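Okay, so chain A shows up in both of these, paired with chain B first and chain C after.
And now, the complex of A and B:
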């Protein structure tokens, strides 16, 4: 087991430095929780105990995303922002929008379904990764330690949401990280930040005062393929069953 | 919370307060933006607690803070944020303005300090227009900087090659400017230069034709350089956009440019517009629409031939046959009158007709009559008309889908009639005359008379106030009104953007028609391909400008564009600076350097700086330095401008003015002069006398109309058209044969009309445009989904594939713009067309996975103008569709 494995996103975030050194350099407001969140699994224990100390023994965060489909217009701002932020090469998408048309003329409706890794609580990709390259961090994000990935593709084929792919540049498994490198700095994921209509809400489900918690406590929300028992952390408002059923498929050409 | 506490908190928690504005030093821009967006001002205790947490948690904490009741907050006018000061070791923030479409949203270029490159684009929260966000095109904007096919050097067509052969040689700027100024040889032919033409007394033989040129760039080039040079042979592109809409407005309420006040409305009707995907105020407008429709549950009805994304978000998509919006609007007028839902006081005070006039006029325009024409059920027309009239206020959005028709001007005028009947003109929540920033300059406007060739307006149009740009090349070919010797294009792609691509190409390639053709652009595309000389321009993230796009809040906004990076790549030069250099070389510059002093501007930066130092408000806020850091300014104490027409004129305004007896127009004419028949009398308009009160009224702009809303237009009557909005069928759509379909075009959110396709991210998402057709229509023609078909119009054919869908009106074939480039770089052409001197080795190039870049519909759409405005009739073409064998 490698001791200091780093994800590509860590490297991107300029975190190719020792954790202690980083702590000194960390931007104002970045919490210890955030830092622990993207440290490789081997490091988590220490980080958590330190974190518990700093944080007065408070509970861990449980980060999740809520997408209000009533506000989504299928413009793909999220997809583009994700590509810019994460350097995702052409041909693959960490985040995309599926468009579904239903009905018979003149009673036709059009639906938009933003797609990304669901950061499942019980993630099949995590279970199926033979090298423990896929791991869950302290905030509940499912991340990939690239140094441990042997590109076997097990995770890609086991993801029921088809959110994973082999990155043609790095040649290892890749997917949405909820912009872990941004989140640890206290920022929002790029797609959340980019949505011109504010359709996406990101936050801590364990914080009873967070916006996402409050909305989820008062509004009905849905997840994709609940019958699979994966317990996704991406929730939708106004997800239409028949739209969800056509969710299969990776990025498809938009018309 | 009292202001002092807030200030002291802000000083402690967020840094310093500069000139009343906050400098957020600690939290990131995004956190600051969230705070501003939510009108959040925290007290000290809360802030201290919040800052211990990570910033986005801080926002959440702040949300729980007590509501701030200070005036600025109640108005929703948060303090400005010093964007530049947010820069940190990792990222630098440069406030600028987007240019991916004409909306020109305030933007921020975020630079990665390690690579020195722009890594992402954000919206500027200091402008209320787009709430600190950008659309997909804006977010992808920085990709253009990295386009391996962008132009980096001046190029001249190689000797022995023909225009369009893609045979180029690199030349120096010195050579290029010398050729432009003093003329020289191109492929063995002698051409004259700008200086020669001017010295010979024929500056009008220099034609400047621009596609998108706005704000200070337009001022510098058009109002200063070209005016000082002496040519008014200046072409634009409005007639292929929405020129007919503007002409209709000039005939009716005088000036042009409207804003639908959706944030205060109770009902939205849309005819031929798709603001959620494309609009001249795209994101600012669509954000407000979505806010109302999804949060406030305002009903929205979209009449369109296709279920677009606006339709998808509407209360109801109402399918309608192309070109019949006018019939539905007239029938709605009929319903409003029959149900007595009109606002008689407003209508009879402010328009030049009475309810009785209109009642008689629309008597036969029943919903049943309109159903037969438009396919919209009579009961739907009636229901929506009643809902709209009762909404008080409601607003109607119309655009190219309504006006790019034979009857486009009439349609827009009919919409005005319906809105006026309900009293929704200039009313809160209705349709408003737009307001925008009025920048000032200390540079004196050039004096003297400019000359022009009469080739801009086509021939035979009644009122082409925004020109007939799609007819310009044909006018050059016909030659009856002279031909330009030098034809220079700027950010303009005539062959792709106009109808009949083939006609455009043939004319542009003909050296006998256009002796010297120069194209200025950022990339090599169809707009540069047929030129003799190509100049590489700076991308919008690399140049200076001030911007003044219309406000969505009726409060003028001032913002600037500045270079995000310290240097330009290759030999790229901002064309605005090139213009300053041209002026010097032509002899128009500083008299101290031997010029005639008609053009004294030294650079684009100087021009923008001067405006910042001389524009009231901007100047007091801190002028140029302030704008470089904040990017934008608006008066946070100003109230939105409504009811502009009802302003009563002060005695000072009336000084020296007389009242025209016939019309009641107050104007500065000579006693005894008749307002209506005096040439350009509208320029002397002061106001309108209504019942002994001098009102501002609806000031005219292009014709001698009164200060009333002219629902009846004598001008149109004199030109042989009906004075009142009247049904005009599309001639080509009468008596369609069973196998004939109507071709309509549309736009999508991911692309601008013709320019963004060189963007890798955008073209990856949208690059092909199979023709949409209803299954019933496909069945009748024996066609099926994904089939290759030939679509033929009166001028030619294209081959495309079918996408059979329920979301299109039967009898129609819909093909989007954006696709089918035959130049414009490899991302736009599925890797096929490398630009001259294009660079290889970019990893994205080998990952262009799409093989199909679609088909451009303009090859088969003829260049035809509507009879009144000359607006290109993009939506009227009749075609046949057969299986390609």
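And now, the complex of A and C:
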């Protein structure tokens, strides 16, 4: 499609070369501005929150939970307390109890596995969140900034523990927070308080005097799906592998 | 004998919409690469299709994010992606690409339309890694999620890209054949173009099938969760879509048509089937990958 009018030489002498040069520079400039404007605000916000999280030189806490399954009877008081404390809507769960039956009648047994967010040291949700709505606080808790979440659901897809969901009421991503609002006040998470048998222990892994640290250092503990590399911080005593690894549903029923 | 009696927990949120987004970015990337065959790689015989394939590339890319926005619980928050960046998140990189790639398409297109061949070649060349990335990153979005056994394979970005080129070629054949129905005699695209593209399509379908075969075979000998997905795809609830639509209608039938009946009608039908099949592939990967419960 050749344009009528000036020849190439004529154009070079007049406005033609100016227009081409301008477009080249505009294209490069626009790309630079575009990239800078997208990455810079994120960096600025990140820098501000880094400063806000600086706790003045004290050793940071690394909060974790330990659940002694020898004491768990599957009453689900923990799950109920969590629902109540955090106003979790029906159909979604910050905390729940998986119940597994083994054997055939009359040789059967039930096994209980309280589940919640693992607040992983190497969390896939944290890695994959495109807006940094998911972040890790000073105490090692993985939390969600509801003002930044754009509900893409990447975190929900990334979590191997099914801990995350999109809250139908708040309409943002949601999950167990280890009751950060209570922990900040020096209290314990609701599920820890609620357990009638004291199966749940909560504390700072970095504090050598904490109950959780002492148990961890003296008892054998297990975690869910260690091979996934998430480094979860919910530790179990007497975790039964078949309880942990059974998928929701029998193999043969696939399809 | 272990039975799960009660397991509440939370389910996945992604639907066919996410698969549609992957499909459209794939079509766009495939179309873009086709436009560069002449304008960057100097294959003069494909010069005629440069403009139509670039137009397709740009349009499809602009439409693609609409599927994602529809998937959001809060669609109006989509722009939050533009004001944050997480270097470890494939989705963050994708957002960048979703802006830079179409901008480059516009610049490349401008020079293509004004017949400045040198600058067309420059921006076309810049566009190739952008096109590969704007679709390849979606392969990383899935492939880097260790939690989902069907997704977590090193093959995922490559599988996505090869499927993208396959779908792009098929789309172009379909568009050329359709346009020829409405264009006047002198302005139609040469039938030779459709047959040349059809030949390329055969080889790329074969490559795609090889990658799928590699993935399947590896899954068949994988861990329990991986094997469960193999069963899901080959015998379970996704077997009809996977074997019937993705492999059968979407690959084997088109291969037979392309290799035995060299007519425009046959090639066009093959292309439509391929396009359906590649969408089925995205659907199986995204929805199938989320179909089995995690432990």
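Quick notes on this structure:
FYI, the second predicted complex is superposed on the first by the 188 of 255 C-alpha atoms of A that agree within 3 Å, B and C clash if a C-alpha of one lies under 4 Å from a C-alpha of the other, contacts with A are read in each partner's own complex, and residues count from 1 in each chain.
Here is the rule we use: contacts are C-beta pairs under 8 Å (C-beta built on N, C-alpha and C of every residue); 3 or more make two chains touch, one makes a residue touch a chain.
Bear in mind that the values here come from a model prediction, so they are computed numbers and not experimental data.
Looking at the superposed arrangement, the partner reaching more residues of chain A, out of chain B and chain C, is C.
In the superposition on chain A, A:70 makes contact with chain B only, while chain C stays out of contact range. In the superposed model, A:226 lies in contact with neither chain B nor chain C. Once the two complexes are overlaid on the shared chain, A:209 sits against chain B while remaining clear of chain C.
Legend: residue contacts after superposition of the two complexes on their common chain; A:158 is shown touching chain C, with no touch to chain B.
Of the two partner chains, chain B is the only one that A:196 touches; chain C does not reach it.
Look at A:98: by the touch rule set out above, it reaches chain C but stays clear of chain B.
Legend: residue contacts after superposition of the two complexes on their common chain; A:186 is shown touching chain B, with no touch to chain C.
Once chain A of one complex is fitted onto chain A of the other, the partner contacts of A:127 are limited to chain C, with no touch recorded for chain B. Within chain A, the residues touched by chain B in the first complex and by chain C in the second are 27, 30-31, 34, 79, 101, 103-104, 110, 254-255.
The part of chain C that touches chain A in the complex is made up of residues 1-14, 68, 71-74, 77-78, 80-86, 88-92, 94-96, 99-100, 103, 107, 110, 113-116, 119, 123, 141, 144-148, 224-225, 228, 231-232, 235-239, 290, 292-295. Of all residues in chain B, those touching chain A in their complex are 26-28, 30-31, 51-58, 60-61, 63-64, 88, 90, 114, 119-122, 130-131, 133-136, 139-140, 142-143, 276-277, 283, 286-287, 290, 294, 307, 309, 311-313, 317, 319, 748-750, 760-762, 764-770, 772, 774-776, 803, 805-810, 843-844, 847-850.
Per the touch definition, chain A reaches chain B in the complex via residues 14, 27-31, 33-34, 70-71, 73-77, 79-81, 83-85, 89-91, 101, 103-106, 108-112, 168-169, 183, 185-188, 190, 193-197, 202-204, 207, 209-211, 253-255. Partner chain C is touched in their complex by these residues of chain A: 1-3, 20, 23-24, 27, 30-31, 34-35, 38-39, 41-43, 45, 79, 92-93, 96-104, 110, 115, 124, 127-133, 148-154, 156-166, 171-172, 224-225, 228-229, 242-251, 254-255.
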